[in-house]
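Written out below as structure tokens is the structure these notes cover.
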Amino acid sequence: MSQLTLLIIFDGVLLVTLLALAFAAVLSPEPRRAVMLFIAFGLWLSLVWARLRAPDVALAEAAIGAGLGGALMLAAARRAARTSTRSDGGGDEA
Amino acid sequence: MLTAQFLYGAAGLMLFVLGLWSFLVHEPLLRKIIALNITGAGVFHVFIAIAYRGDTAPPDPVPHALVLTGIVVAVSATALALMLGARLQDAEEEDQSR
Amino acid sequence: MSWDYASLLPGVIVLSSLLPGVFIFLVREESHTLRTVLNLTGAVAKLILVGLLIYGVWLGQVFETRIAIAPGLTLVLNADALSVLFVTLSTVLWLITTVYAIGYLEHSTNRSRFFGFFSLCVSATVGIALSGNLLTFVIFYEILTLATYPLVAHRGTPEATRGAKIYLAYTLTGGLLLLVGAVWLRTLTGPVDFVEGGILDDLPASLHGQLVVIFGLLLAGLGVKAALVPLHGWLPQSMVAPAPVSSLLHAVAVVKAGAFGIVRVVYDVYGVTLAGELGLLAVLSVLASFTIVYGSILAMTQDGLKKRLAYSTVSQVSYIALGTSLLGPVATVGGLVHLVHQGIMKITLFFCAGNYAETLGVANVSQMDGVGRRMPLTTLAFTIGALGMIGIPPIAGFVSKWYLGLGGVEAGQHWVLVILATSTLLNAGYFLPILYRAWFRPLPASWPKEHHFQTRFETMGALLWPPVITAVFCLLAGLLAAAPFSPLEWARLIAQREYGL
Amino acid sequence: MTDPLVLCIALPLLGAMLVTALPRWAVTLGIVAALSTASAAVALTATVWQHGTLHLMLGGWDAELAIALRADGIATALVLMANLVGLGISVYATGYFHDRIRVRSFWPLWLLLWAALNGLFLAGDLFNLYVMLELLGIAAAALGALTGNRDAVAANLRYLLVGLLGSISYLLGVALLYTAYGTLDLGLLAQGVAASPELYGVNAAAMTLMVAGLALKAALFPLHFWLPPAHANAPAPVSAALSALVVKAAFYLILRLWLDLFWPITDMAVAMLPAMLGAVAVIWGSWRALRAERLKLLAAYSTVAQIGYLFLFLPLLAATPPGPARDDLLAALLLMALTHGFAKAGFFLAAGLVQTNAGHDRIDDLGGTAQRLPATTFAIALSGSALIGLPPSGSFIGKWLLMQGAIATGQWWWVIVVTAGTLLASAYIFRVLSRAFGLEPTPLKFVTDARAEVPALTLALVSVALLGLASGPLWTLLGLGDAGGGA
Amino acid sequence: MSMSQSESRAAERNRDLSLLVAVSLAVLGAALTWLYFIALSAGAAPRLADLAYERLPGTGVSNPVTAVLLNYRAYDTLMELAVLLAALLGIWSLGPAAPGFQRSGAVLAGMVSWVVPLLIVTGGYLLWVGGYAPGGAFQAGALLGAAGVIVRLAGDPRAGLPGEGAQRWLLVLGVLVFTLVGLGLMAFGAGFLTYPPKFAKWLILLIEMAATVAIGVALAAAYVGGRPPGPEAQPTAEDEDALTAAETPTPDPTPALRPQP
């Protein structure tokens, strides 16, 4: 297995997982699950960028894109989940 | 080096198209925002793919800086959109309860 | 662009009513004296300036103000013989109507607004008269529409707003057609300056098709204001306006602007020869004569005094169009002189109608029994105006009909005589019954809404003297037609310059 | 000599920062910032008037690397209009907001929006334009949602999302161009595009992506759905800024790309699509404005229509060979944009005053208020006549030259669109104005609330008198044929 | 036609529509990829890389990305900080902050008291290292923001940020310092944001510090999600014991940390 083919396989795996995560994040109707997948997609994207020799941007994407963006979306997802449970199930939580 | 650039760039474009599709098709706010972020990530990914110049030559720093700025802009826009959505939800709840 | 006397005068004339108008808007409602002073100074100043202008043009001096509002688009105010005729008419009548309006609107509301727009209207009319090219004409033509709309809607009653809306619909559409025609002509020939004898003769024959369509557009645009038949609907509706508005504007300024535009387009843009060749004059003459007859017939059926006068205006204005559509200097003289004569006669009639409404509350012909006994002077003025309209010799109307007849014969269009005869009969048909009622019927038991003024005469001074003065003008214009500065002489001077005799 | 270029952007930014940091002094600092920025813009215009196009490479680096600031005739005219309108809006806003929280939120966002506008008009670098577009979009959406009521927030959320989508599509276009030409500077890219016809496909794709994104932000017809609710529910000074300036900035960008960057590939056939959409926008916008119940909704739909007019110029510009005729068309386009800017800002400010005075802005029962506020009604009348394009307004000359160009290039059908649009416009404007003639008691004095009515009146007057009668200087500012040249 | 039928038809139409959109976007994607390939092979390969590296010594920093960010295209970064501030002001204009989370249990509080200082120190390090290695203002600011988020999750409603007045100054710091430096340089005739080579390093460091603080505070305040509550919103002491035992916090806060009723 020459150096080059190993690299191509590695790139292939990276890209396929990236696209798979993106598809999963987009297609999942449940808000919380979508946000989780989106955070995972963000982290994986920073991994891909690290592979493309862009460390600064990878760090920023991990910290801001996946981290803070994810946290904000998580808060929104929890609020969306809370109102949807309140509107249809009368909301079990106090 | 060219094939890697093309491969990753193509992936970026696929992300762009995927995000665009999701934005146009899905109605709930959170899914639209996720779609927008994925489209943005796709475009940023194309920039980074262009900047990559093989393992020997150092990569082109200009697209890196552009993507850095783009990420911060994207996150601030997402934050505002989420808070507008939250405010809208509260206003709708007020209307329902009234 | 050196600013000397000759190039400043036209601009100053337009400004002389624009500036007081703008200030009047800002005047507080209850300071009547300040408003009256502003009004009268504006009117008198304009009168003096126009006097200077007449003297200058008589000596053949050229007055022209050119302002380049954009490269290729210049605002030109040029005083040639034709424009001076219309400027003098509107300036003199504006002074008289201002006096009348001050009296008429004694206790009414929103007077600052009224007189502000009133002055804007006059400056627009003067602008139309003095405009030196088609672009300036279109600009002032539209400003006239904008300025008259609030006056028609002044009373605020639902009919007033409805009438104003109809007026606006007609005139804005007309203005737009005129604009499209003017732009189209501009692309064919470059800047369209009014030059005696027309500027379109040297165009290749291939463009003649487009020229006919353009003339159609221009005629439609101008025909709305000149109340040619299919487009005259707005005039009777806008009679809801107060009397001073319907007298000065709908009898003189607005309607004449349309007729004046037709005269300009036929003589100074197309040139009579080219217009004849393209058969445009034939179309115009048919339209004019149909309007003359149609207007008179409808006037007979109207019971409202102002509505009847409105339809009479529709038919009378088409005399001017008829005059221009006949090939020959004599018919032109007839048409142009009628521009002035119809103005002074019709304004007298509308002043009297206003007096009747204001003093006795009489608005319909059926209520006018014995009016002559109660208000002899006003009814005398009304009689002079009415007889003039019919064309009885000593009064001005006869002069223009006489020249129109002569012009028709000279141009070989003998059917014009038939038209003139029938219209004279029809005029008699709707004016003589009024005179008979006024003079020979006994006084009614009581007037609908009598209003006693403390003056010695039959009504307030400001209401009584204007119609009397204009009636005297009708007599003077008729009797002293051959005098040097009379409208007839001036019309003859214009005809000479147009035909290059 | 290029200082005013930077001051136009740095001053509002500095003002925004001070206003954010010292909320108690928000109004005074805001007005000071507004005045200084407007004077910087006037200084910029004076410099461009004398020396022609200004060009500055920020940071002193060479053309490819650094960000360029460029002020040519078109950009300066729009900057001057934007700043004068901005000054009028700022004076109006001092008296409009009384709630302490609103005042603290309005002024910083408004000055940031102002800085973004100036930055966008003067930018010469594609990615910098992206950042400016984002700042503009976010500030405008945040300002729009200032009132906090439900439909304002919903409308502005949709506006923000649509704006983001537009920016991202624009950014992908920039990525494609950077891939092909390796630079982000507008001037260099223009040379690159002109020199490489073989990359037609890439150029066309980049143009489509960028122009589509910007058309979304400029509310061109099918993509205008977000504009009416967003502009109608915003507070008056904000909707004035949105309609008069923000939408026009996006159109300015399309024009800049169309005329400078993609000029070799934008021939008449390509220009036909935006023009057709523009024509439909004119008719549809005017029709919806005629049927709108609320005054501000009417003004918002009228913006959609007026933007449509601006797109009609593209095929004419493509079909006319360079020369005085084309200069007139370009100047007419600018004149229409400037007049609409002033007139629409005046209209919205006056409409805001009517709304605060009457408590609502339903047109059908505005009668009483229209008569009690003569100056406001007069401002609406003046700006309305400028929106219709009646003389002596600037848009009359714009429409005259548009029709002239249309007939000269044989595309006569645009004349029909313009005529129909003008008629519909006069219908919906006079539907509002006819309310001013009723049986209410006569107002005693002309101006009731000077701080609000004077800006509205001056803006409307500028659009009617100044631009209508003295638009000659615009030609010289644009560096086209001298003022009297084309006679 | 019963409701369910129209609903099913609507759902069906929806599905067809989304399919159509998907197909057309796929075509668009393919076209873009093909054009991207042409653009790639257009031979502008070096693009701005060589020029950027060639000019690097004059910028005062050795990390090329920081050089681009804060020297070549400093104006972009200035405007991008303004974007962040605009977004935050927009969030503040929408209303007061949502009620904070409950005070965290002993274990979480312990973890927070360890992680937050660590984050701050790493942020400082990243800021300093940005001059010659990957790092810089944005990454450092993000870490500070993350620290704020964690403090907020641990129950402090103001996410460890000072009162509104001080917060406003901190937020404005980034753009203010950037603009003042730019205008100062212009006043000295060097031109807006044109750093003289001798002072470039220190000016960039000054700007980066201000930017890091501004970004950190902005991101934390954004997570708070509204105007900072006034001094009276401090959580009172008796809330401490009302808490149930909190499990160790994973990135996703478990339901135990439900918001105050």
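Per-chain residue numbering starts at 1, and chain names A, B, C, D and E are given in the order in which the chains are listed.
The criterion applied here is as follows: contacts are C-beta pairs under 8 Å (C-beta built on N, C-alpha and C of every residue); 3 or more make two chains touch, one makes a residue touch a chain.
What you see is a predicted model, and the numbers here were worked out from it, not measured in a lab.
Asker: Ignoring chain E and leaving every other chain in place, which groups of chains are still linked through touching?
Answerer: In the absence of chain E, as far as touching goes, the chains form one piece.
Asker: Name, by label, each chain that touches both members of the pair chain B and chain C.
Answerer: Neighbours common to chain B and chain C are D.
Asker: Looking at A-E and D-E, which pair shares more C-beta contacts?
Answerer: Output for the comparison: D-E.
Asker: Let me check something: if the centre of a chain is the mean of its CA atoms, which chain is farthest from chain B?
Answerer: Chain centre farthest from chain B's centre: C.
Asker: Nearest chain to the global Cα centroid?
Answerer: D
Asker: Could you work out which chain's C-alpha centre is the most distant one from the centre of chain E?
Answerer: It is C whose centre lies farthest from that of chain E.
Asker: For chain A and chain D, what's the span in angstrom between their mean Cα positions?
Answerer: Each chain's C-alpha centroid was found; their separation is 39 Å.
Asker: Distance from the CA centroid of chain A to that of chain B, rounded to the nearest Å?
Answerer: 11
Asker: Please work out the Cα centroid separation of chain A and chain C, and write it as a whole number of Å.
Answerer: 79
Asker: In whole angstrom, how far does the Cα centroid of chain C sit from the Cα centroid of chain E?
Answerer: Comparing mean C-alpha positions, chain E is 73 Å from chain C.
Asker: So which stretches of chain B touch two or more other chains?
Answerer: 9, 14, 16, 20-21, 33, 46, 50-51, 58-59, 62, 64, 66, 68-69, 71-73, 75-77, 79-80, 84-87
Asker: In chain E, which residues are in touch with two or more of the other chains?
Answerer: Correct list: 32, 36, 40, 45-48, 52, 65, 72-73, 76, 80, 83, 86-87, 90, 94-95, 138, 219, 222, 225.
Asker: When you check chain A against every other chain, which residues touch at least two of them?
Answerer: 56-57, 60, 64, 68, 72, 75
Asker: Which of the chains are touching one another, listed as pairs?
Answerer: All touching pairs, sorted by chain label, are A-B, A-E, B-D, B-E, C-D, D-E.
Asker: Which residues of chain E touch chain A in the complex?
Answerer: By the definition above, chain E touches chain A via 63, 65-66, 126, 134-136, 138-139, 142-143, 145-146, 149, 219, 222-223, 225, 251-253, 258, 261.
Asker: Would you tell me which residues of chain B are touching chain E in their complex?
Answerer: The contact residues of chain B facing chain E are 2, 5-6, 9-10, 13-14, 16-17, 20-21, 24-25, 46, 50-51, 53, 57-62, 64-66, 68-69, 71-73, 75-77, 79-80, 83-84, 86-87.
Asker: Inside the complex, what are the residues of chain E that reach chain B?
Answerer: 17-18, 21-22, 25-26, 28-29, 32-33, 36-37, 40-41, 45-49, 52-53, 64-65, 67-69, 72-73, 76-77, 80, 83-84, 86-88, 90-91, 94-95, 98, 138, 215, 218-219, 222, 225-226
Asker: Please output the residues of chain B touching chain A within their complex, sorted ascending.
Answerer: 4, 7-8, 11, 14-15, 18-19, 21-22, 26, 28, 30-31, 33-35, 37-38, 41, 44-45, 48-49, 51-52, 55, 58-59, 64, 67-68, 71-72, 74-75, 78-79, 82, 85-86, 89, 93, 96
Asker: Of all residues in chain A, which touch chain B in the complex?
Answerer: 11, 15, 18-19, 22-23, 25-26, 29, 31, 34-35, 38, 41-42, 45, 48-49, 52-54, 56-57, 60-61, 64-65, 68-69, 72-73, 75-77, 79-80, 83, 87
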